[in-house]
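Common to both upcoming complexes is subunit A, partnered first by subunit B, then by subunit C.
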Partner chain A sequence: MKLPILTALTAALLSTTALADEIWVTNEKDDTISVIDVETLDVIRTIETGERPRGITFSKDFSVVYICASDSDAVQVMDPNTGEILHDLPSGEDPEQFVLHPDNRHLYIANEDDAITTVVDTETRTVVAQIDVGIEPEGMAVSPDGKIAITTSETTNMAHWIDTETQQLFANTLVDSRPRHAEFIKEGTELWVSAEIGGTISVFDVATQTEKTKIDFELPNIHPDRVQPVGFEFTTGDRHAFVALGPSNHVAVVNAETYEVEEYILVGRRVWHMDFNRDRTLLFTTNGVSGDVTVIDVASRKAIKSIKVGRFPWGAAFRPTD
Partner chain B sequence: MRSVRFVCVFASVVAFGLTTSANAQIEIDIQYIKQLVDAPPTLSNLDPIPEDLGTHGAELGLQDNATTGRFLGQTYSLTVTEVDVGGDFAEAVRSALSSSDLLVLDAPQEQVLMAADMPETAGALLFNTRAADVALRSDACRANLLHTLPSYAMKADALMQFFVQRRWEDIALIAGERPDDQAWADTLENSARKFGLKFGARKTWVFDADMRRNASQEVPLFTQELGDYDVLLVADAADDFARYIPYNTWRPRPVAGSAGLRPVTWHRVVEQWGAAQLQSRFDTLADRPMQDRDYAAWAAVRAIGEAVTRTGAADAETLRAFMLSQEFELAGFKGAPLTFRTWNGQLRQPIPIVHERALVAQAPLEGFLHQRTELDTLGLDQPESRCTAFDN
Partner chain C sequence: MSGLGHALIAMRAIVTREALRFVHQRERFIAALVRPLVWLLVFAAGFRAALGLSITPPYQTYITYETYIVPGLCGMILLFNGMQSSLSLVYDREMGSMRLLLTAPLSRAWLLFSKLLGSTIISIFQVYAFLLVAWLFDITLPPLGYVAALPALVLAGLMLGALGLALSSFIKQLENFAGVMNFVIFPMFFLSSALYPLWKMAESSELLHDICAANPFTHAVELIRFALYVDFNGTALVWTGLATLVFMGFAVWGYDPARGMMTRKG
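Presenting the complex of A and B:
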């Protein structure tokens, strides 16, 4: 008769020890996710996924995690507690990157091999729309009000502006070569698009879809050809952007008001994507070639640790555990 | 002479009213002229040269251009013309010029030069996608001629950088008898000297035995006379005997050049830098892996597309000026933006160094520095090129 009490106690203990938040990292060439404990900065779990996992994002309530298993041609829906794949979503071929609409229901998926953006209803598990975009769509973003979705196409070198009411393109704007990532900031008034080969970030005025400015990166002793901006994320209040610069092995800190680069931080090799912890005091970057994650202290702008994960870490996503 | 015309038409063309750019409707026709040749006989038939070599690269470039073009009101077409062995190449050029002044030449040096020197092509823009001859980037350069295929010099320099890095400092060489083999061998030898490597014995391959039976007996004896060396280069442009050299040498030494470790323009093992996507698009189209000439043709057509996209113009003069300007850059899936050398029209590009099953390295290798761009450590740098046709 004492057994249930014991079990309850154990459960209580478990839940308090499991409180530390996590960063989930997809390993493109290991078909796994490495789960990093934000407190101890250690990998505490490794979860198997479909083939070539890249884009990763949690539902708004963190009850499920979506994973682009590119070579399995599926978006997998996983229970983050058990690591169990609940089901696949119809994603179109070769899904690389996606973004979840603020309605917490529609996923906008870039189908890299098909020059298509697929819109999937995660509840009915059906394809709502497929939109023809440029070649090798990759970067995906949705405005905070949910009215505009963006797909960037790497070979066509454009940002495609999608009206989410009609699921039709309403503008196509040229950017520099190989656009990789897009983010809306400042309450959706500004759109940033990184161009990997062009070596720039284009900043657009969302109301007019015109380019406001272009951010260049210049690192001493590193040839401009190697400075290749890919993923980026913003600190609290969209004050600063941290920009992964690919094979230059640095992350740039850009002032989002002045558009000036304030700092370059040395990280692992071929830095790709990133995410913050809960209060955005720590940043976790995926370093594809060195197979690790660099932890950056945001306040001091210093790399404080590198954590070995699987082969070719690609995407990163924050998960609160309370 | 046969011509086939490709036009990319999309069933679901996006309304042009959507384009925010000021570009008006533009039609761009690209003429691709391929000179057929009798390939010299080779000992092995294991790797036949695909009949559609090059053309599928151009077709893929056309598809890529057309996808971008439909958002900008630009329509692209490609006409592929094949000139039979001994056929009239000049006539094919003349006929192509009647519909476009953007010509892609998949032809040996002789025909490329003939085309570039015709009075009718003076204002046209020509792309060389087959001839790797160094002369075309030096004495024999032409102002209206750009090269998207790397020269022998670029490939040789790539290999030498690798040898320097590995400290394979003593080099021996076997070259075939054909002029192409000897030219490739000379370029390798010059490059080795440029990088301070020791160039030892050089022998000409004169066997006429069938190596499928005899390689294990002939090659050890043949290579015994080379003395000692760190690496054996093989210069065999027609892919005739090179495949029988590796593992049959007298000394246990790596083989490079036309067999073993090879510097290439493109190869199926290249998969970094988004290359996997290009490979997969090509494979879907051609049902075979993409090769050097396919890549060069793709790059030529894409360079035209990129210049049209950025300038909104379609005339040869504007496009040429833009391609040779600082503004131009092509994302070529090789990890660095591709640009044209302003002194000889060569497309700068990294050179993958591969074996059959994997990428070994990609030149320029770390540590080979250049004041302009590290890519200029490969091939004829400005002071080395004797080209004077380009104004600068």
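Presenting the complex of A and C:
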């Protein structure tokens, strides 16, 4: 009688130790990925990548991970279990950020040096389309229904709206200086675009492509020039946004209903991008200059730990391991 | 009644007297609370962005300056209270109530320890009142830290109280207390890790860093800091414990009518 219980307990113990979820962080200057165990909050693996890894995203089934190796001019496809690079995708020059279409097949890649957005079919490994956009494209987003893709261009200061059926631009909207990141929320009815130099987030109504409101950030004792919104992510139900404010070393918590900033949380230096754990109770922010990842407890809105990773951590992506 | 019974009655009487004195001096309590709060809410506000560049134990992540100085301000309360207690002893001596106390048929060390314990309990009460106000201003610590800090606060309180006792045996008159402020409290507070971490001190001067590292108040503050974050600092514990014994030794010697400073004062 005791044996089956013991076996079950052992199996449960083994499975929990083996199944701790992970956060994958690209280290821009080290050409590596640091893998953080979400339970222990320690780096458990370091994986070599191509040169200057920045954007990182997993396929929908988490069977492969895509990495923008910017200085290798490639999007690398890696087996997350072995860390082996399976193959490169044709990405155009200097890929920085990308987004995977809900069809789990097409990657929309911003090519910073060429002012184009490249659409790659990950199955046939071919370029499906190249769309001319503004100068220095960076931020990428696809609507949840997959019909609209967004590229933001840093120098043109625009959000470019792409029809994913025709792969043609159908609208361009001005945003503040140096737009860095874009996200669709509220079932694709709202688009948020952060502007690094402008220090704002513009909120658009997707149906009309018009600006609904603009969110400003103001930190006491910190010069406004240092308040540079970059990456942001939303809590469960799109209720709150956590916004990385670059060299101000803070993450802002914005109420996504009232568009008011509710809190600023101190993190490491030059906070850039972020991702949540599975149930969105913990947030992991990449802090480029201090070379660490700060873990924020979402409920209490407090930084609980900063974990040393490689040099200049840039992107972050969650990986469940079950 | 046994000797132990007598000793405990005496201790209770002395502690109660300290408590009564404290309760009757409401201004003293307010002053003791306002002093660290001014540092926390006014002084620290200007330095909000000054820290947060390096993570040192016991901190796990970047902290604001307000968070950093909380343990130092707990130490400040204990330090000022230790001195306040020393001041009250000088006053007792002038008023003659000390003669009454010291003629009790108990060991002088025991009487002094009772006095020390009384003032430490009062100090710790004020520290927790300060932590409560800090918490209301959203400067929070791990919940367990509030409990874990208690033994550290007791030891630090005893050390600084013993220092006050030792000093009081050397002070002839109340007027000389200003000198104690200038030559003991201020250097002890500013040349410690209460306001700036030691690595920050080392950036400006190695000598300054070494002086701060040798200051027993630094170790008392670090002991409290680690305990508040449910961490343990063995070095700080050893130094604070040693300093307590040394200061207590000086106090007992200073109050010994045969050998100490009391004889010279007649």
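Following the convention adopted for this analysis, the second predicted complex is superposed on the first by the 306 of 322 C-alpha atoms of A that agree within 3 Å, B and C clash if a C-alpha of one lies under 4 Å from a C-alpha of the other, contacts with A are read in each partner's own complex, and residues count from 1 in each chain.
Rule of thumb we're sticking to: a contact is a pair of C-beta atoms (placed from the backbone, for glycine too) under 8 Å apart; a residue touches a chain by one contact, two chains touch by 3 or more.
Just so we're clear, the structure is a prediction, and the values are computed from it rather than from any experiment.
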Combined model on subunit A where subunit B meets subunit C, clash or fit: fit
Touched partner set for A:G231, first subunit B, second subunit C, both or neither: neither
First (subunit B), second (subunit C), both or neither touched by A:K305: second
Touched partner set for A:T294, first subunit B, second subunit C, both or neither: second
Which of subunit B and subunit C A:D132 touches, first, second, both or neither: first
Contacts of A:P220 with subunit B and subunit C, given as first, second, both or neither: second
Which superposed partner A:G50 touches (first subunit B, second subunit C, both, neither): neither
Touched partner set for A:G92, first subunit B, second subunit C, both or neither: neither
Which superposed partner A:V267 touches (first subunit B, second subunit C, both, neither): second
Minimum distance between Cα atoms of subunit B and subunit C in the superposition (Å): 10
Common ground on subunit A, meaning residues reached by subunit C in one complex and by subunit B in the other: none
Subunit C contact footprint on subunit A (complex, rising order): 220-222, 249, 266-269, 290, 294-295, 302-306
For the subunit A and subunit B complex, residues of the former touching the latter: 112-113, 115, 132, 134-136, 154-158, 160, 169-174, 177-178, 196-199, 209, 223, 225-226, 247
Subunit B - residues contacting subunit A, complex: 10, 12, 14, 18-21, 64, 67-68, 71-72, 274, 277, 280-281, 309-310, 329-331, 335-337, 373-375
Complex contact set, residues of subunit C against subunit A: 45-46, 48-49, 52-53, 55, 60-64, 140
